[in-house]
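Chain naming follows the written order as A, B, C, D, E and F, and within any one chain the residues start at number 1.
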Amino acid sequence: MKKLKELTLDETFEIFVLLKNADVRVAKNGKKFIAFTFQDKSGTIDGKFWGASEDEISKFTAGKVVLLGGKREAYQNAPQIKILNMRLATELEPNDPSLYMEAAPMTREAMEEEIQQVIFDIQNATWNRIVRHLYTKYHEAFYEFPAAKRNHHAFSGGLAFHTLSMLRLAKGITHFYPEVNQSLLYAGTLLHDLGKVIELSGSVSTEYTLAGNLLGHIVIIDEEITKTCEELKLDQMSEDVIVLKHMVLSHHGLLEYGSPVRPQIMEAEILHQLDNLDASIQMMLGALRSIEPGERTERIFGLDNRNFYLPKC
Amino acid sequence: MKKLKELTLDETFEIFVLLKNADVRVAKNGKKFIAFTFQDKSGTIDGKFWGASEDEISKFTAGKVVLLGGKREAYQNAPQIKILNMRLATELEPNDPSLYMEAAPMTREAMEEEIQQVIFDIQNATWNRIVRHLYTKYHEAFYEFPAAKRNHHAFSGGLAFHTLSMLRLAKGITHFYPEVNQSLLYAGTLLHDLGKVIELSGSVSTEYTLAGNLLGHIVIIDEEITKTCEELKLDQMSEDVIVLKHMVLSHHGLLEYGSPVRPQIMEAEILHQLDNLDASIQMMLGALRSIEPGERTERIFGLDNRNFYLPKC
Amino acid sequence: MKKLKELTLDETFEIFVLLKNADVRVAKNGKKFIAFTFQDKSGTIDGKFWGASEDEISKFTAGKVVLLGGKREAYQNAPQIKILNMRLATELEPNDPSLYMEAAPMTREAMEEEIQQVIFDIQNATWNRIVRHLYTKYHEAFYEFPAAKRNHHAFSGGLAFHTLSMLRLAKGITHFYPEVNQSLLYAGTLLHDLGKVIELSGSVSTEYTLAGNLLGHIVIIDEEITKTCEELKLDQMSEDVIVLKHMVLSHHGLLEYGSPVRPQIMEAEILHQLDNLDASIQMMLGALRSIEPGERTERIFGLDNRNFYLPKC
Amino acid sequence: MKKLKELTLDETFEIFVLLKNADVRVAKNGKKFIAFTFQDKSGTIDGKFWGASEDEISKFTAGKVVLLGGKREAYQNAPQIKILNMRLATELEPNDPSLYMEAAPMTREAMEEEIQQVIFDIQNATWNRIVRHLYTKYHEAFYEFPAAKRNHHAFSGGLAFHTLSMLRLAKGITHFYPEVNQSLLYAGTLLHDLGKVIELSGSVSTEYTLAGNLLGHIVIIDEEITKTCEELKLDQMSEDVIVLKHMVLSHHGLLEYGSPVRPQIMEAEILHQLDNLDASIQMMLGALRSIEPGERTERIFGLDNRNFYLPKC
Amino acid sequence: MKKLKELTLDETFEIFVLLKNADVRVAKNGKKFIAFTFQDKSGTIDGKFWGASEDEISKFTAGKVVLLGGKREAYQNAPQIKILNMRLATELEPNDPSLYMEAAPMTREAMEEEIQQVIFDIQNATWNRIVRHLYTKYHEAFYEFPAAKRNHHAFSGGLAFHTLSMLRLAKGITHFYPEVNQSLLYAGTLLHDLGKVIELSGSVSTEYTLAGNLLGHIVIIDEEITKTCEELKLDQMSEDVIVLKHMVLSHHGLLEYGSPVRPQIMEAEILHQLDNLDASIQMMLGALRSIEPGERTERIFGLDNRNFYLPKC
Amino acid sequence: MKKLKELTLDETFEIFVLLKNADVRVAKNGKKFIAFTFQDKSGTIDGKFWGASEDEISKFTAGKVVLLGGKREAYQNAPQIKILNMRLATELEPNDPSLYMEAAPMTREAMEEEIQQVIFDIQNATWNRIVRHLYTKYHEAFYEFPAAKRNHHAFSGGLAFHTLSMLRLAKGITHFYPEVNQSLLYAGTLLHDLGKVIELSGSVSTEYTLAGNLLGHIVIIDEEITKTCEELKLDQMSEDVIVLKHMVLSHHGLLEYGSPVRPQIMEAEILHQLDNLDASIQMMLGALRSIEPGERTERIFGLDNRNFYLPKC
């Protein structure tokens, strides 16, 4: 069975795909249609379902797997699907959404193992206990959530993979600059984006939650550390706790980017820069993978809207 | 007994004053001296204590009341005290520091009464309980602390007076624009700066604490609300709690000013503007009070370093 | 008779409406059409008049009241009118445009009375005479004009209502901070936006005039004060006049917002902040009134393009 | 008789100089001294008059010419005068301040003649009449005032010389780009800085006036045009008048630089750029004249605090 | 034969035009079409060629001259060509693209002569030799290329005309301010934009080259001077060479505009301002030429997106 | 023999030190003095040599080693040397300046070996040849120069150590993200700051050269690549060369920081971020090494003037 991105212009096909988005709109003639985004592991293509009935609207919602019959057309230079027929996948068919979503390039098990080893290496008892407590509490979500609604690591498992990539860079840093506090850098890295499991709604049809919008993941994880301290009876006025909170609060680097304080500790500044570095590389790699040498990527919002050239050499 | 600001050039005097600052430094000749800032309710004047002994250094520290004999001189156009003699005030003398500090223009009792009435008017039970809990917990500090280390309301009781002034403006707003949620605006105003009782060290020789520097009062009060909810068993994912936290988190208005989120609720935007308005007026009034009509104030750091003209009309 | 905003999808109707805009354009097929914006007190909806004749183009112009027969459709999720028939309202029918325009929430008489009382309270004779002179000269326009072409108070009587709302806030300020010069704050508030009666073309189909574009309302009112002084033989180098001019010149607060000087007098800074506060509240209220609790408003241009959430609590 | 800048280190001298500044201050020992800036056509040097009596303070004020006996010393690498003796110049001695002030590099008569010719070339009757009226009204001040308190053209006659230099550039522009309206560019150039005769206090000890601070020269000249129109009974709503006012209002180019509107007419944009160009060249020339090839000038405030290198080639 | 801009609405015609752009796109129905921009000396108009065959696509490419039969229509208020028939111009017909392109308002010969005279006036031997070398090397391209892909002087010969216009202004400057080094200002002006002959692809269908994108014309001309020095065996550490390179490197004035260094020499600052001045005037003139007095131009990207009013006086 | 930083207050001593700076100035009394900065491997302290004779001025110049007898005092809280006696070190004494300068924490040999290995790993022949050519040409200077006049790596060998630290990070990056072009990242890193050997004057009394000021190290290295290509007869329009030049040109990341182009290739963006990361860590480490846990560093200019806290945990 072909993948979405393998279809050629004017090819007709029948394949299983995930409904990534399903927005109901009203056409010029007053009738409703559904604007779909179809997805499989090769990527996404849009398609419109004209004259949808109320029944079809309630059936074909985001997150469902369907057997899609269609023709691969093009509209204003972008590929597009003309829908010929469509039905929900049955239980006997491959109807698990995760089969169709982009995923981290490592298995969850491999990520878990590598991350557990890092947690083991945190030698400060306070930081170790706080990290363990929160990694137990949000274990499932942490390994499922994306790292962002869009931009970098916007795929299932993206949050864990982003965290792991940063931990690897952090290990190198503490090797070359031994005066850097490894335990602090590890603990800060592990917690810095964990608030996203509350800021975002999940890995399918990801949206911001009310708390995500009104508080933001930086404040959310600070509150989680606060609650953990209450529960574990840790002194919140101790330097250990204040310094760890400072790591997560300052990790966006600049006030303009939503950190309420700028980094005032060396490890906090490094955490911020590693976050930037891994996110930048992921965004560039993502965009470069879909072009050929000698071409330019589309503009990348998270990198000041620049586009990048892929050299032929 | 004269006040500091009433002394004329070359006048000798003996009066009780508070040591607001007492910084030990080393002179060009290698000997130590103490750079004092003397204070009474009329204001502050600096003076240097040359060749201080270790005994004098440990005795004359910030926060002490002394009987100061000196001469009012001038240095580079600024008034200055030449110290002739100096001793600590005894227990039989007026040695309470608060007798010499600038204070709010209302008695503490009057402020307490007016603020209690406002708390009574918060009709949402969740907000009412959170405010009451924190106002009980930090009651003493709230009525003693300044609203800032310098800039606006930098005097004993300044935090309460600033809060009260904003509540008065808030009452007017909800009167003229009845769609504004009065309970929410009151609750947000009452809590917005309460984190300063942890951010700052107190009303004498005010400094930032470690938590003040690394977390900031905005995050600190958010954590306090979090702890209150744990204690009172309030659901932190309820809209009531999220919205109240948003009020305090966004009250600096812009990310650049340290709010991790910008106001996304009408009452939060209003809270931010009232905070600005009262702080601006206090800073201008403070500067204008020490000049004559037809003159200009010194530059005010908190108002983009502008100076202001006092019209003769 | 139903109002525009009460119509449901696909409903056919015949109602009187005002032509708020009537732009003549050329369609893909080379024929002319008119892009209308219909208005009544419930709001506005767009509709296109295809294949308009020269006669129809000259008849159906902005500012006319028509009897509109049509069907309420939708286009790209926005409501739209399909025009079935249309004729000008006769003299016997309700053909006064003001019947269909949004208006201030107070009667003109009530506004006039309240504003007259404030003028009466200006105790400085120079300011009192200048304000009276200009309020007499532009009396009619002041009570009819909007406060802006779009954004805040963009309705008939909006200029007067915005001024009045600010005067109420100003009264509160001078009550709580008695050192503020009430007469000066009143006079500045009354004049600050009066130049808009020359900057804008009127309350129907509001546009910027040539003077509005090339000079701006801030300079225009300064010129009006200059002419008033010439006429009343007031000394323009007197501090009274200079200070009043400074109030209006600096009321946008920042050079970037078009004030040629920043506020250098306390009352000028307060005037600027009250202007901001009332305009912000009006913009938020306007946007919040058309959504339900739990929803977000559309983005508000005048508030840095933020949108606002309406809490359910 | 030597000039100030010709004195060598440790040389004693007796020469006539102008007191450019004479600030009374209080020394560390509580006694008053006068901080003088002495000036002659070669430049300025500072010197302190220690232990000044009240009589001396009232006698040696800014703007007076004195016979100064002193020694040329140095303090922190800057030249300095040690005052040995000093008395006011008598009526029989060269006591006209203008003999000691930097002046424009042309005679006033030459400037007048060249400028009169340009006025003659303004063909639009309205602009011609307004310019003539204001050039008659402020004739004396225009040829005496500096163009600024400091920065560029800060010398007697500087305002006229700056205006004339720009007129020469304007003539070249209209020659090479004949579509540019010469009369408009001339009229705008002639008026653009004329408000400085009210903004500044004069050519000696130049300060900002109250109107200068609170209104600024841009608004002041706009008001002068307004008054001229009243007097000459010119229609202020005519395009001629509005366009001329726009020229002067927008000549700072950006709102941030104090123009209430940005240039919206080609000639206004050109006027702004020519103003910049002439001011920049004057500032650079002024700084370069006091250094040798291979050296760098001091930092120039008006050019973003850059310093400039004088090439040896 | 009529010109494109002379056609009236609904007029049918047959004229020779140049294909300025020819973009192949895919329509909603999946078929290919060509989006043409037709050009002659009067200007440009767009037109779509529906259902283009592969043969037609390979034949009608940008840079070809065609005989176009069509009808002048309009689409969303903009003129548009409905294509009725179209064939390539034969060798016997006027098929030279330059016949249809906008050109500088002077002949190439006149420009060459005037520029040669200026080169002759460069008295410093090093600068003279470098300029001559590069003007010989890139002679053809210099007189053919535009000065930019779009914005100012975007026509054949535009680079030479822009350079010449600046040289004329430079001559005036050195006349009025004789301390300015004329040879340096001339040499810098002649070279400042010469790198565009490598940055851009040519005068037809102008695009950025790879070197243009990745290095930019400022660095490219600096490299060309470097190569010239190697070839002519000029000492690159000599002040002559460093200063000339500085002229071209700093000519964008601000780092934000792509200059790696800001002007640090008076002539470099002047070069930057003259570049700005000539470019601004050209952009304004270009926009003003297509409107009537009393109208406003379209927004000009290169002038902060402002639009300009053409006065009736 | 004690080191400078080991001296205690009021201790007298006699040690060999390097004269890092020796600025001749004129005192208030008109006599000359020399403001020295003394240096040894422990750091630097200032001291003034009052009443210096012409002979002493010509003898005690920056870069000389002296035997200094003095007393360690303090002035305004900063340590200071009172000079008691001083003479030049003889040839028999340790008079090699490098004995007193801060140095890289690795031997030159170790750095050379590690860097040679990296050059060996550059697989693209063009990049390999260019790097080898320039590393041969500037071999000596590269291993002696600092990486900056002040800020980060401002010590002898600093340029090589900074480059090496970045190469180590680059190796880690290409290990974790194998799609990154290792040869390109290595070549770009090796060349990115090499222009500093021409921009700066050397490792003692480091100043900017004329070329350093007027061209800057980014353009200088680009010119060096250009010359290398001329010499090795490499095609400068080849993608290999253009891409390598782009790496060095864009390595400051933003135009505001002096790069004439922003990174448009993934490896260029990574190079920029690694440069930042290593420089930041070095600056923080340098400042943190001279404070105790619980203290704050002085403000670091290169990190937005922030200071950093050294945690006790």
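Observations on the model:
The rule is short, and it goes like this: contacts are C-beta pairs under 8 Å (C-beta built on N, C-alpha and C of every residue); 3 or more make two chains touch, one makes a residue touch a chain.
Only a predicted model underlies this, so the values are computations on that prediction, with no experimental measurement involved.
Any chain bridging subunit D and subunit E, meaning touching each of them, is among C, F; the list is complete. Homomeric contact subunit B/subunit C is classed as same-residue, with over half of its interface positions used by both copies. Taking each chain's centre as the mean of its CA atoms, D is the chain most distant from subunit A.
Centroid analysis (C-alpha atoms only) places F farthest from subunit C. Here the CA centre of subunit A is 45 Å from the CA centre of subunit E. The centroid of the Cα atoms in subunit A and the matching centroid in subunit D are 62 Å apart. Listed for subunit E are residues 210, 213-214, 239, 243, 264-265, 309, each touching two or more other chains.
Each chain pair that touches appears in this list: A-B, A-C, A-E, A-F, B-C, B-D, B-F, C-D, C-E, D-E, D-F, E-F.
For subunit E in complex with subunit A, the touching residues are 25-26, 28, 30, 210, 213-214.
Taken together, the subunit E residues at the contact with subunit F in this complex read 210-211, 213-216, 218-219, 222-223, 226-227, 230, 236-237, 239, 242-243, 245-246, 249, 255-261, 264-265. Residues of subunit E touching subunit D in their complex: 124, 126, 165, 168-169, 172-173, 176-177, 179-181, 184, 239-240, 243, 262-266, 269-270, 273-274, 276-277, 280-281, 284-285, 288, 303-304, 306-313. Within the complex formed with subunit C, the residues of subunit E that make contact are 9-10, 73-77, 309.
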